[in-house]
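Each in structure tokens, the structures are laid out below.
You will see subunit A twice below: alongside subunit B first, and alongside subunit C after that.
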Partner chain A sequence: MTSAVVTAEIYGERRSLRLAEWQLALPLALAFAALFLAPLLLLVATSFFNDDKITEPGFASWAKFFGDPFNYKVIADTLLLGLKTVCATVIVGYPLALVYMDLSPRLQKVLLFIIIMPMLLSVVVRTFAWIVVLGREGVVNQALLGLGVISEPLRLLQTELGLVISLTQIEMPLMLLPLISVMSRLDPNLRDASAALGASRWRTLFTVIVPLSAPGLVAGCLLVFASSTTAFISQTVIGGVRLIYLPLVIWQQSLVVYHWPLAAVASLSLVVSVLTVIAALSYLGRRSSRHLQG
Partner chain B sequence: MIFNRRSLLAGVTALGGASFLPGIAHAKGSVIATTYPGTWEDAYRTVVAPMLKKKDDIDLELAPLFAMDQIGKAKAARGAPPFDVFVLDPGPRIVGLEGGLFEKFDATKLGNLSKLPAGFTDDVGVHVSAQVVGIAYNPKKLPAPKGWGDLLKDPWVSRLGITGFQTTFGTSSLIELSKLFGGSLTNVDPALVELKKVLPKIAAVGLPAAMPGLFQQGQCDVMYTNTQTVATLKGKGVDVEFVKPESGAITFFTTMHIAKGSGDIGNAYKYLDLVISKEAQEALTKPPYNFLPVNKDVPLAADMPMKNLDEMANYVQHDWAKINPLRAAWIEKFNKEMAK
Partner chain C sequence: MGRRQSFSDLSYSLVIGGIAILAVLIIVSPVVIALMTSFTAGRSLKFPPTGFSFGWYEQLFDATQSRQIHRAAGNSLEVAAMSTLIGVVLATLAALGIARNRARSARFADNLFMSPLVLPGITFGLAALVYFSTLGFRPSLNLMIAGHLIVTMPFILRTTTASLSQLDPALLDSSQSLGASWFYTLRRVTLPLIFPGIAAGAFLAFMASIDNVPVSLFLSNARTDTLPIRMWGMMESTLDVRVAAVSGVLIAAAFVLMLIMEWTVGLTRRMRD
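This part shows the complex of A and B:
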């Protein structure tokens, strides 16, 4: 057999393999197009109607939404809520991931189960549980009153602080799972090597562990950000309706006043603004990764 | 055991085929009806579904949805409704009517028609329950408020929970509050101005669905709501009493409608006939469901604010044809005025 024939056969195999892969991916691609792209295009098309009956094409819904300064505040507040939740989950989650690395395999399994456990509960149940915890007569206030720390119950529910606290717990698995996944693949000898070269524990953390765990950290931040900015139930039940975020506006426009073009504009604003922040976070993640490799 | 492709396909086909078997077993089919989540869903699942099965051999499938969600889903379905029967309050009812979402209703198909007061059916549906809106408060923590105006005064205001214009009871209550300060059915600005003055003191501003939970947890101790919510909270052991405001309680009727394009119109009529029947209404009136009946043969519960349905003519009623066009602007205004 000549080398030319062998090459042709190999290429032939590769071609058929590629074809098979393409065919295998086709159902998923079609499902993706039907269930994601088509509704998205429909959403875009709906936004270009002026009236709630969706009869008159135009830009009036866009003009109305972006002509109202209040909606800029709503967009900013939504993004800010996501960023605050990301910061809180990083502050609480990262040390937990470090603890996880130092545990025995058996204890790691226990901690992993504890991390995953909140995901086994419905988000509605978790959210209502936070009413019991943060309420005027809730666990926190009763404990502080009982200890004599406060004389009047604190207002924790229906505040942004209360919302961020609860979202931190609700979204924590989304931060920890990618973080642990990346950190558990780190070579444990790197820390010893760093220490042997005279680096303190803090220096090892910031110059070795944090940069190497950056991909997991960025993935966790993306998931927590996307999830917390769209967490309608938590935002409205724990935050109340004085804290106005985009999901509440979308719900009101689509299911209370039935102005679907305005709801579509608000939805697209949410998608675009969240994707913009996600793209920025991804860019930072890639840059830090390149910096590390370079 | 080794599975090959043929045996796997045969197994999957058999399993898929088996899913049709319950349909074959249902001699007279089914009807899909919406119901409000919570007490309505519990009551209809426990009381009405078994009665319908026993009386007409029809399976009742319940879709728990708020009124606005029903209209939204029916509009989105564009002529292929995901359910056969709507249950609606006056505001969403008018939206459904304007959207042409209901089948033309023939009241003569209801065997129990004579048991309803005059005017309780029209060419789009039938009244199935009455609702009375007023003030609920915790008698262990607050004195009884006399009227809507008290809600904005101490000691009530610092324990007050409010909702916006998303629901019938929220909108109606804010209209009545507005009237005290010079507003009207179509002008709620005075209520928003007065609420804004006391906003920092107000205990909770929440979604309607969250209010009973917030009351139960002591986050607020006074709120506007309907008699049914009060009765349900009482049934759960919550300290709560209903007050009919001195300017009059608000009343409205909940109606049911057959969805346009429904595939089970015959069964839908049988379902509606059962809902207004004496046996169903009597059972729904009892605790823990506490419905206000529309059937003339069913007496009202002793702790209701009226003795009979005729008394409700003296209660406050709102014209939702005038309210609906203004509601979107009111919701926007409420958002802006109440936002932190």
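This part shows the complex of A and C:
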């Protein structure tokens, strides 16, 4: 009897302790509900109003946004920009991650420093750097003019090519960090075994290293895609006014035109379209890595 | 056969090595070029710069000419410091509460708290603008701190949770079986052990706040704008070469900060793992 009471007491104390520990998350949960969930719910609600004064509920803003073929082009352009940037960062970044594996620990540290350093640099600074590089009097044009390859400065700013090149550098750390994280955990014996069995380095790359590093590759692709499709500063400064992507539309509708329901529709479209592509990419990534490993 | 093999290996080295060198060039050269351009004596962003001078830096540090830039920099620092401070308190408490809890509700809460990293910042920025205006708030630094708190807190939560999950539970059990109270164990055992994780997270959160554009874009006005927003304005209108000088200062600051974080908490190792 007494022992049962004691057990119950211990139990009770344990339970109250666990409850107390769990309660430590409450302040954050409250802040989160008030400052994150409530605003998002309100944004969804705002999209279901017809007029810019937000007085008349209805579906007119959705109908207006999706009734305009121009907006479909903007959504497609935004997603394509993300995919192009993902391809460019994979093509340029993956070999660097491969080389990283073969470096001495000391050089690995230096390379990691070089990769992370731009990440700590404001996106605005990185965007500005590309203006200097790609501008009419910029490095690329001066070099090409000096070499006599071109006679007139090329127009690189305000073109999609210039934007993709810039975003490749700006988003590169997001691709390289997950890749390097996965690759540095690969067993080096696997490569040696593959070589010992007579596979060329190319074959080892595509049949051993790429499948095993797929999780890092997929993670990097997702991060780069999400970041480049919503990179407002780079898109507006390097893309200029001639290239229109969804973030610019959201900004114009909310802070220039002051039509918040339309801005809400545009920003929810951005969320849905970006997250759909991300879900599709990660599904494909999971399936292909399972297929290759199984 | 042997020759073909070595030819294939050679092509591998050339292609992979060549692209890797190109990648390093692409990563590094814009930063170096922007830095060099900031010392130009000319009035444009021509490269190579026309002559060497500290002229743009002098203009930048001139209190009257660059008053708005200074105020924007002050706003950036204040918002970043306050949101990081609040974020450290809230995220550390939450991590202590749920990091080692395997219950489904705790996992759900953890995922929920990390979700601002996935949501496009511009969507949250607009949502915060609509929300705060509906509640009748006028733009102020406090609103910016609240907005930045949400988007930077996940960094602290992530590193702190990671540190906590690497913590040997035996240490906590032995502290408690030796009679230490829960709070004493927290203060003398848990916090010192997870401190590097909290510090790394706080650093990342601070930098994310300094760098944040989407939230500041919607919540600031001309008086409360942050440095990135002001720089964006300077780049959008007439390309003000002082942007180069600001960039130069930020590049130097990032470099120094990075060295400090490397020496104190081993930032590169933490970010790779």
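What we mean here is this: the second predicted complex is superposed on the first by the 256 of 294 C-alpha atoms of A that agree within 3 Å, B and C clash if a C-alpha of one lies under 4 Å from a C-alpha of the other, contacts with A are read in each partner's own complex, and residues count from 1 in each chain.
Please note the rule applied: a residue touches a chain if its C-beta (ideal position, glycine included) is under 8 Å from a C-beta of that chain, and two chains touch if they have at least 3 such contacts.
Note that the coordinates shown come from a computational prediction; the quantities given were computed from them, not determined experimentally.
In the three-chain model built by superposing on subunit A, subunit B clashes with subunit C. Greater residue coverage of subunit A by touch, when subunit B is weighed against subunit C, goes to C.
Judged by the touch definition given at the top, the superposed model places A:Phe70 against subunit B, while subunit C stays out of reach. By the touch criterion stated above, A:Gly285 is placed in contact with neither subunit B nor subunit C.
By the document's definition of touching, neither partner reaches A:Gly82: not subunit B, not subunit C. After overlaying the two complexes on the shared chain, residue contacts for A:Pro215 are found with neither subunit B nor subunit C.
When both complexes are overlaid on chain A, the residue A:Gln158 reaches subunit B alone and has no touch with subunit C.
Once the two complexes are overlaid on the shared chain, A:Leu255 sits against subunit B and subunit C alike.
Within the superposed three-chain model, A:Arg242 lies in touch with subunit B and out of touch with subunit C [touch as defined at top].
When both complexes are aligned on chain A, the segment of subunit C among 132-140, 168-176 or 204-212 whose C-alpha atoms clash with subunit B is 132-140.
In the superposition on chain A, subunit A positions 128, 131-132, 135, 137-138, 236-237, 254-255 are in contact with subunit B in one complex as well as with subunit C in the other. In the complex of the two chains, the subunit B residues touching subunit A come out as 68-69, 71-72, 75, 95, 163-166, 203-207, 210, 213-214, 217-219, 327-328, 331, 335-336, 338-340. Every residue of subunit A that touches subunit B in the complex is listed here, in rising order: 70, 73, 128, 131-132, 135-138, 157-158, 160, 236-237, 240-244, 249, 252, 254-259.
Contacts from subunit A toward subunit C in the complex involve residues 17, 20-29, 31-32, 35-36, 38-40, 42-43, 46, 91-93, 95-96, 98-99, 109, 111-118, 120-133, 135, 137-139, 142, 168-169, 172, 177, 180-181, 184, 200-202, 205, 226, 229-230, 232-233, 236-237, 247, 250-251, 254-255, 260, 263-264, 267-268, 270-271, 274-275, 278.
Residues 5, 8-9, 11-13, 15-17, 19-20, 22-24, 26-31, 33-34, 37, 44-48, 89-91, 93-94, 96-98, 101, 106, 109, 112-113, 115-116, 118-124, 126-132, 134, 146-147, 149-150, 153, 157, 182, 207, 210-211, 213-214, 217-218, 227-228, 231-232, 235-236, 239, 243-244, 246-247, 250-251, 254-255, 257-258, 262, 267-268, 271-273 of subunit C are the ones touching subunit A in the complex.
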